[in-house]
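Some structures to go through are shown next.
The following pair of complexes shares a single chain, subunit A, combined with subunit B in the former and subunit C in the latter.
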Partner chain A sequence: MSAGTRLQTAWADLTRAEQGVTGFIVGFAALLLFGLLSGGLAPTYFLYLVGIAGMYALLSFGLNSQWGFTGLINFSVAAFFGIGAYGAALTTADSSPLAGGFNPLVGLLVALVLAAVLALLIGIPTLRLRADYLAIASLGLAEVVRTIVKNESQWTNGTAGVRGIPSFFEGWPVLATFPEAMPGLEIFVPFGARIVLGTSFWSALLNVSLVLIFVGVSYALLRRVHRSPWGRVLRTIRSDEDLARALGKHTYSFKMQSFVLGSLIMALAGVFYAHLNLFVSPGDLDPITTFYVWVAVILGGSGSNRGALFGGFVIVAIREGTRFLNEFAWIPFDVAPLRLLMIGVLIVLVMRFRPQGVLPPQRELIWPSAVDEAPSRPDSGVREAKAGGGDE
Partner chain B sequence: MVLLDHLASGLIFSSIIVLGSIGLSLVYSIADFANFAHGDTMTIGAYTSLVTFGAIGGLGGAVLGIPFGFFVALVVGMAMAALVAIVTEKVVYEGMDVDSIGLLITSIGVAFVYRAVIQMGFGADAVRYDIQALRPIEWLLPYNVRVTEHDVAIVVSAAVLVTGLHVLLQYTDLGRKMRAMADNPDLARVSGIRIDRIKLWTWVIGAGLAGAGGVFLGLYNLLSPRMGFNLLLLIFAAVILGGIGSVYGAMAGALLIGMIHELTPLLSQLGRVFTFLPEGFGLPIGNQYGSAIAFVIMVIVLLFRPQGIAGEAV
Partner chain C sequence: MSDVEEAVDQDVANDQTVPRDQDVPHDTSKEDVVLRVDDLQKAFGGLVATDHATFEVERGTITGLIGPNGAGKSTIFNLISGFYEPDGGRVEVNGVDVTGMEPYEVADHGLIRTFQTPRKLEGMTVREAMLVGPQNQPGESFVNVLTSPGSVGEAEKRNLAEAERILEEFEIDHLATQPATDISGGQMKLVELARAMLAEPEILLLDEPVAGVNPTLRNELADQIRRLNEEGTTCLLIEHDMDFVMELADPVVVLDQGSVLMEGPPQRVQSDDRVIEAYLGGGT
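After this line comes the complex of A and B, so read on.
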């Protein structure tokens, strides 16, 4: 079988939505490649965008494992993200008002512990209640966290933010000096611009590989746990919590585990952000981040990690794409609300016309072997089986 | 007494929250979802009356320092908020095939659309109504209460609106149908109540009251595109505290939340309130924590009494 036909069968295997998304991704990648080669898009900025997209993908994974799998409406994504970022920043930065200057790995650990504690604090009062209570309470508690970070300047530097955060690889054997050690490259593109790859490019490349590792590990982990019996209980809770309880599952503790797991992944995104941006401020805890991530998850398809990944990239396209509109002076209104408008319209349109999202979960929730061995149609028809056995 | 002044501002702030929370509670119980666009409906009311008031001016006389024209603008603002809510219900919510959680998420999108449109039209900066700011009422100053006539107008108007709603719910046909539907929509339907029509009326009343709340919020503070969304969490706290679906519970919850919010500054000067404490005693909690304390109290109430003050068991 040649590569061409194999590609064709693989293409035919996809659903229409998957084909559309693949086409979109290929087109978008081509556009970016064109931008890179023609010099319109600086390579360092491109890598920054990839990093941000990876960060949103992580946040979406976190939310997906809470909302998509267990049905927990968590509106405090920004709080967990912020706790992760501040945890890492306050432990590692020189200017930290608390004990700073630790190794970034310590910062990572501190951030995760803080996020777990916060998740327990938010989860204990709200996870026993109806789903919409969690929505309101978590949004409120996220505001509490933001208020504390903003006002307790003896701990967090307040509105001034925390500066002087080292890169994640500071103090590592080889990687710490990798960007400086690499030679500056110059690439001449025929008919295009001259591209210079300097120190900033290499450190951006390091950041991107870091986020790719984070994303890859979380994806693999989530994929594994969600196919496990544990994951099946979560999905049962999402579709019918009473049923799960009737089957003898302690749903509260399952919900709590799922909530903490998701929060840890969000905090991971925060840690990455702190080391990418090298500066954190209370503005990073703005609730709008929460809703960006929500759009990513419901657009991608609740319960689907592939979808969350896709949604994360779409969000970055919206966020950074609208930034270019600033350059057009003829637009008669402020561009900042346009982003808000697009997010709002996107939420309404998705919920109105495709509530399951673009890439709803399909085969990914089932072990591949189970799909292969299953007969494509049942041995006897469902109707006959019912008609034979039931006395309805 | 420093306490009296804070109680007075608590009462004023409560009246604004009451107007928001009643509408939210009505929609919560009859349309059956937590409407996150409610805060931005308030913003719509506020900005509509800003435009109307700017167009028609004061219209001669004034009551309690507020020109007649402003009351016209208030009514226009309420009508606009109700109109927008109905259009949204017809265009967005009505044909949707999702559960109440899906509607909740949709309403967030709706909220963003409202806010973005307002921000495009008016900019992100805060503006104020073109009404002369008043000095505090003279004869209350000896008691250390600093309240302007505008504040009195806010409280009185809110009281009138709330009484009107009470009469509507208790003594009119529409009110009885609304209560029936909030109680048991299926039973209401088989009893011959046209639930679609009742739902529309609920949106009209809820959004109209929210619009009024928005106008008063703008009069009390300033108008900004975020004003409603910022207040929304306090309104939710009031509704939850009162018990979801109970209008009277929402009123009580709003009073409580408004008071807590405005009494927070006292925490740092407890010694001046309670004579048995030393003069300089106070908790290190500034007044920027007003909302935060209200949420925390809401969560604590949820822990021990999830159904709220007046709600039925969940």
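After this line comes the complex of A and C, so read on.
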């Protein structure tokens, strides 16, 4: 009873957008559960999809901390993702043309350092200039990185890609052998299919836990810095850089910090991808990834971390979910090839009807402990307008 | 105030035995100079915007900077505050040479400026936008935010209390939790002024503080600027509203075609033939 009322109060406390998103998530989870139980969706593949969704969430976090926080237009998401993936792959894989075979943690470190260096290299000449120049330069950077990876095969194996990447937990005490050590499970669902959980399931489960840790840590970090005075300077720069400069903020330094931070998170997504897919190739650096991530951030609401999280999941749901639509025989045409179109239509609809995104950032972001104990806490105004810029 | 001014003028007359309306505008009688602009030059291509401008702002004054359209007032502001790099000359704030420094470095030396058109901070509330003002906040360091949240929180609490106190002084505390983009233009000017005060400037550069502001708010702004000045803030202001300048500023520096035409108390500026000619004559 009391739990029920508490749930009701919590529900009433949400904005309409939050209620909608919650409903959507519950509905979608129910659909997935149905898919799993009926055997339409294999558990291992499902976990792979969760991993991909987590990866997109990371990429969206990265872009959000550049574009959403500071207004930096970065069109080389795929390049930083690729640097992360190739950094990890070339350090850890057996077939690496460079020194391979290191522990994945070393690979993680190498990937992050490479991404930071690349971010500095592109940031130093462009971040002093107006926002457009970074956009142009990053567009070029993405292609440069992709072409180098594709053609310098003595370092990267070229178009053949890098094979034999170990799982992230290779060489760890217990976790390295966890998937093999776990017994195979068989689950019988009444009226449903027989579900077999074998070694691949357990290793997929490990991967999902890994990405959940990455996503959780990044989210907690971004949430904190977004509400801090540091984040406030970034938001000031986004609105009006001259104002920030006039108020004594070293905007170049702040922009650089924000750019490097975002790039590191994107590289983290790449590292995870390398150990999820166990194979990387130049195709992973295609610019389409960049645009998917942009759509995710704009859809979720620029500047909002949970929006980026939501946007990342929605993109994967559309990208991968459309594969399943083909199984419905009553749809008279092939749906899967339409997914790019669907993403395009989605972004047009969002821009037309909800330009601030589905879950725009909260209206006021002040360090929490300061507001709670401030002498005159406002009792009105903040909650209602939380949904965004204006009232519909 | 006028007594002091007369005394100073007397001194000048005695010491240097020069006529009051000397052609050299450089007034050496100022003892405690906060801002010294010396022979400042700036050209945009063939257009000379600032032509060997020289003047000083004495501590504790409200100095007005006037001149016809295109006289180069805003350019001088941008040169002083570091937004433009001068072609030649010097700018000193508190005796420190800040020529060619970045705006944030100039601000570090105690010079804060406002803008002609109010700058909007999207997605922020008024008090949040106010919190951008304080200088050297510990929470502006990424590392501090992660390692010492306690001190960040304390500083934030202090700054928030200070912001709310200043909003109260400006009689706009009822706007504290309004979106910073939803208030009127005049209120934005007030917020901008209030925010500049959070930076605790030695000298405040106000670029047309009452442009496009209704008469009631205009008087309000005049009162506030006067109050800030009485509390010790030195102001240098550009304004086209002559009544506003004349009632508030002393001395007034007149700029024409990029150089200083004259400087003096408002009554003398108003009756000066050269000033009248510069405003009405339209050029050479």
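Brief remarks on what is shown
The rule is simple: the second predicted complex is superposed on the first by the 347 of 392 C-alpha atoms of A that agree within 3 Å, B and C clash if a C-alpha of one lies under 4 Å from a C-alpha of the other, contacts with A are read in each partner's own complex, and residues count from 1 in each chain.
By our rule, a contact is a pair of C-beta atoms (placed from the backbone, for glycine too) under 8 Å apart; a residue touches a chain by one contact, two chains touch by 3 or more.
The structure presented is a predicted model; accordingly, all values stated were derived computationally and were not measured.
Applying the stated contact rule after C-alpha superposition, one finds that A:L59 touches neither subunit B nor subunit C. In the superposition on chain A, contact is made by A:V348 with subunit B only, not with subunit C. Of the two partner chains placed by superposition, only subunit B is touched by A:L340; subunit C is not.
With both structures placed on the common chain, the touch criterion links A:L47 to neither subunit B nor subunit C. When the shared chain is aligned, subunit B comes close enough to touch A:I298, but subunit C does not. Applying the stated contact rule after C-alpha superposition, one finds that A:L243 touches subunit C and leaves subunit B untouched. By the touch criterion defined above, A:A131 lies against subunit B but remains apart from subunit C after alignment on the C-alpha atoms of chain A. On subunit B, the positions that touch subunit A within their shared complex are 33-34, 92, 95-98, 100-102, 104-106, 108-117, 119-121, 123-124, 225, 233, 236-237, 240, 286, 288-289, 291-292, 295-296, 298-300, 302-303, 306, 314.
Across the complex, subunit A meets subunit C through its residues 221, 224-225, 228-230, 232-233, 235-236, 238-240, 242-251, 257, 261, 303, 360-361, 363-371, 373-376, 378, 380-382, 385, 389.
Contact residues on subunit A toward subunit B in their complex (touch as defined above): 71, 73, 125-126, 128-133, 135-137, 139-141, 143-144, 147-148, 150-151, 291, 294, 298, 333-334, 336-338, 340-341, 343-348, 351-352, 355. Those residues of subunit C that touch subunit A in the shared complex are 81-83, 102-104, 107-108, 112-115, 119-125, 127-128, 131-133, 135, 137-142, 145-146, 149, 152-153, 155-157, 159-161, 164, 173, 176-179, 195-196, 199.
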